[in-house]
């Protein structure tokens, strides 16, 4: 089979094999379960790094095609549905991000209890969906994997969550499904206008090439798809699943959700909504720019007064993910590159945050910052990790957030109209607000006197927790220190889009 | 020494940071401290070598036609925004960078050494977090060095953030004390707010000029190497205006605000006094000698642009002059020795700012004193001397605090007898800052005053008055600490001079403070690289010395021996005294804005809005759907008889309809 | 012209059906209800005989009267204490039921009477050997156009399923 | 006087009406089953008489009735088995009181 000679398909096959392996483990055999899960994650990381290498090699060898590693396999001929694989720079880095977060997530849920086997089963099913989404360029396949990634979330939160988990799981699933409903409509609409000559197609590249969606249809389909993905990208005012969902989700699920799943939103907004409908994107950008601009400031302000660690982080995610969508809507290479960097940065940093919060919560059994204090003396490793995550979040040079945010701000500022300028300046203000809430938490949680004497008996991170967080910390630092490496991978991929958008003006 | 050694100057502290931060935990505490000092010593030697090579050598491209050139040692790309707009992480040596290398490495080395003693308790045991302390010091030194050798504006911004971070970490070193945590937070957020403006300024500037690079900003991208095209940056902006001012004026003002945040200019000064919660050597290094002058350095870096934008210059000038007076006034009444020194620092930095800003483009006095260049040179010179004597003063304060365990001067009094070396060192520092010849401060302050008088008589008089106040409050502190009345010994340990690790830096810095004024700064540190021919203006110098002596005399009268005069004056001007003591209520204002306005009136309502309205909407949607479903469920009541009934009625209705249709 | 005997038989049967049907659903004792049902079923069987479908009539008696009613009686006896009357149903329900039933009768009756042309058909003579067991057997097991093998087999499967179902349900747990 | 088709349909109709009434009003499940049998039976009669009067040459109606009787037997047997089982568990056969499985 031709398709099995394409490395991309293995990004789906490996999680599926891991699933199968997990299914064969007995419920009690925690060691076997861990071994299988870690093996799967390690293989994925190795493959992701190899994929980056392949990509750089291809580009270095002068391959300027939009997507590399293309393979098409027909699934359902009547609707021209294919398993169309292909990656460009953006997908490559997203796959890399996902692999790292899955890896860290496995270690973060090392002591998962109860039902570790079932947990990892759903966990890997979710991963399958995520990887599948990033490797495919066929609308149907993308949507299918998108759903595969969403559904396990319900069980993962509903079964292994904490707090009002039923409510949260239901809310999260329903809101995201609501988004999917919009999306589905949008995708069907796109499909039926995908070609002027009647050769309807699901392939994103072909649709973009045909550029046949009538303008009046674009005006309908663009908001549908953008909102559909925007819900997952926590766009104001569709973000409220995020605080509750994250608050109830178990550690690794929060990591994967904030770290990767929310990126599906940004990626989809770009890859489907903007890429395929440049006309409507240009026309309607102002609405979504306003919404995302509001997201940025609103999320940051909301985070300032929360007392639950996970809520703070969830609102902070609203702010940061708002920045992703904001930058994508700026329609120039710099800002869009910044958006992808921000996705990477936010993914790693929030995963780190959630991992640490999970670990702290696992020890103190509270997430209320008013009940904690002086954690730095008790658990220095986790404390340092939290500070690093916080600094990355508030955009300190040398950590990932800075490079991403600066690229976004400078890219956004390239526009000469007052509307975008004002929004950019408003977005820029968020760096101060971010500093306020991050330092507030760090000050209350880590510094100061120990609030609760029982906390003195708590232990610092165990080896698997150290491994999990260290992976993320190092990744954050690597992106922050060598942003140009990533920018070189990413930025070329935006040229077709920017060109298409430019042609509309 | 090859100038490329500057890379090592910057890299060694960074490596020390990682080494001490990661491996230090497992090492003996004292060892980490010694390693830190050794690392810093190497850095200092290299920095001196590089700086002296730059100033006195001529074989590495630093001199051309008698003009000192900036030498770019390396300039690799770091972050490419677009093909042309690229952030580079480079190393550039020019007069002010070389001078700053000396300042930073000297003070940093002194502080490293000093901390070996200071960060120990009386039994010589290192404090908790000793390694962390040295790691942070190394991080700060790295950031500051990176800042001064920056080749472009964005790199400065990056290192502004980095020094902000190190400052945050070091102020909050005693992280279990709520005051320290609060102070560190405040310092970070206030400077961050300023950095926001800095960033906006950079954005505007880079948008119109398409570059971050200083060289290109000043000389234009065509590579022309003369100051006649210095206006290129302004020219490329095409005269764009915003709200009536040119965008360049906006950009430069914003960038100045960024610098004002770091340099604690009014009204962004509020973090600096609180920052004194950190260990005293840290205050000496960061909050007196190096980081706080980053703002001055920034303005000096962009001086060729500021000179052209007179509007921005005026703002700096007014801010500087006001801050100098404001801080001096507050310093006159503070009882906490470190706070008093902090306000003194603010005042002195404001001197430097003013000095930079009084330089004007229409240099009518060029033939006499070098016109616009004089203020620049004076400012940099003062930066240099101030760093030395203010570090000295802070380290002395540290020694005193270490000895008496209090910051309040009411706990000190009459220490001269017990700590003679410290006392003399402090006295030298005071004389230097007061501007008594031949101490360092005299030379630099004199140049500043000259530059001010050239700007206008009013400016000169104002700044002279502040200089007098400086002399007064410094000697007030000195007399209150070392004289006033006999020291009461509370504990069994009488205060005494501290161990050699702490005393040696005092002696060295005192020596520098005496001789630093003779450094030929006017030959070395000028804005255009040309030598500046100055001569002592005895009218100004004489006046300023006289004013300083009056200030000292007043202080002597009031504070040398215990007497009633200060209390009487305090009672007489109680309102003014109270206001100055409470720092003219700026902290309360900030407190009000942050807590009452931002937290209570913005954040809380937004959070509540989110829960109630947005979340409420979705919950409402869900509950409406739910109750509708519940309502419909009633129809499905499970009673087969009612189903049949409904079915029957339906079937009959259909039958009737059919029949009606058929029959009609 | 019918024979008088046939006519009388018809009227008796019709009377039995009508009266016993009404009694079946109105009597308060369930056992009586089953008994009246038995009469109705017998009367129905008589109609089948009248229609010359002797086999059908026999089946009706054997399966319905002999099987089903016996089952009913068993079920009733298993679930009711003898002599204890079922309580009277509430009147609204009765009224509603009556209205629905009368409406149904009225509508259907109206329909019947308005199609009097075929409702007034006479009974046609058929050959005496038209519906012998033999014929029925052939039909049932034939796969021709009018054969009933498939439904026959379907029924047999259904019955098998019923037997198994009954066993499963009735099994003691 | 002749026995017309209508004359057979009328008792059948009455029987059906009684079945409907019984089905709607009875609370005892067995009684409901009895009413059901009445309706079924009336339909059977209709099949037979329609067949006999309208298509005397064919036997479809008769066979239909035959099968209907078979199915009715099966259905009744099963239903009664269920009822008895329910009675075993709940000790009652009144459908108004059997609400365990209701939402």
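Descriptive notes on the structure:
Note that the chains are named A, B, C and D in the order they appear, and that numbering of residues resets to 1 at the start of each chain.
One rule holds in what follows: a contact is a pair of C-beta atoms (placed from the backbone, for glycine too) under 8 Å apart; a residue touches a chain by one contact, two chains touch by 3 or more.
None of the values given here were measured: they were computed from a predicted structure.
In summary, no chain was found to touch both subunit A and subunit B.
Centrality by Cα centroid goes to chain A.
Interface comparison, B-D versus C-D: the higher count of C-beta contacts falls to C-D. Centre-to-centre spacing of subunit A and subunit C amounts to 69 Å, using the average Cα coordinate of each chain.
Note: centroid distance subunit A to subunit D, computed from Cα atoms, is 63 Å.
Subunit B and subunit D have Cα centroids separated by 96 Å. Remark: subunit C and subunit D have CA centroids separated by 7 Å (rounded to whole angstrom). Among all residues of subunit D, those that touch two or more other chains are 20, 23-24. Of all residues in subunit C, those that touch two or more other chains are 96, 100, 104, 108.
Listed by chain label, the pairs that touch are A-B, B-C, B-D, C-D. Across the interface of their complex, subunit B is touched by residues 20, 23-24, 32, 95-96, 99, 101-103 of subunit D.
Residues 77-82, 85, 87, 154, 158-159, 161-162, 165, 168, 172, 175-176, 178, 181-182, 184-185, 188-189, 192-193, 195-196, 199-200, 203-204, 206-207, 598-599, 602-604, 606-607, 610, 614-615, 617-618, 622 of subunit B touch subunit A in their complex. Per the touch definition, subunit B reaches subunit D in the complex via residues 633, 636-641, 644-645, 648.
On the subunit B side of its complex with subunit C, the touching residues are 645, 648-649, 652, 655-656, 659, 663. Those residues of subunit C whose C-beta lies close enough to touch subunit B in the complex are 96, 100, 103-104, 107-108, 110-111, 114.
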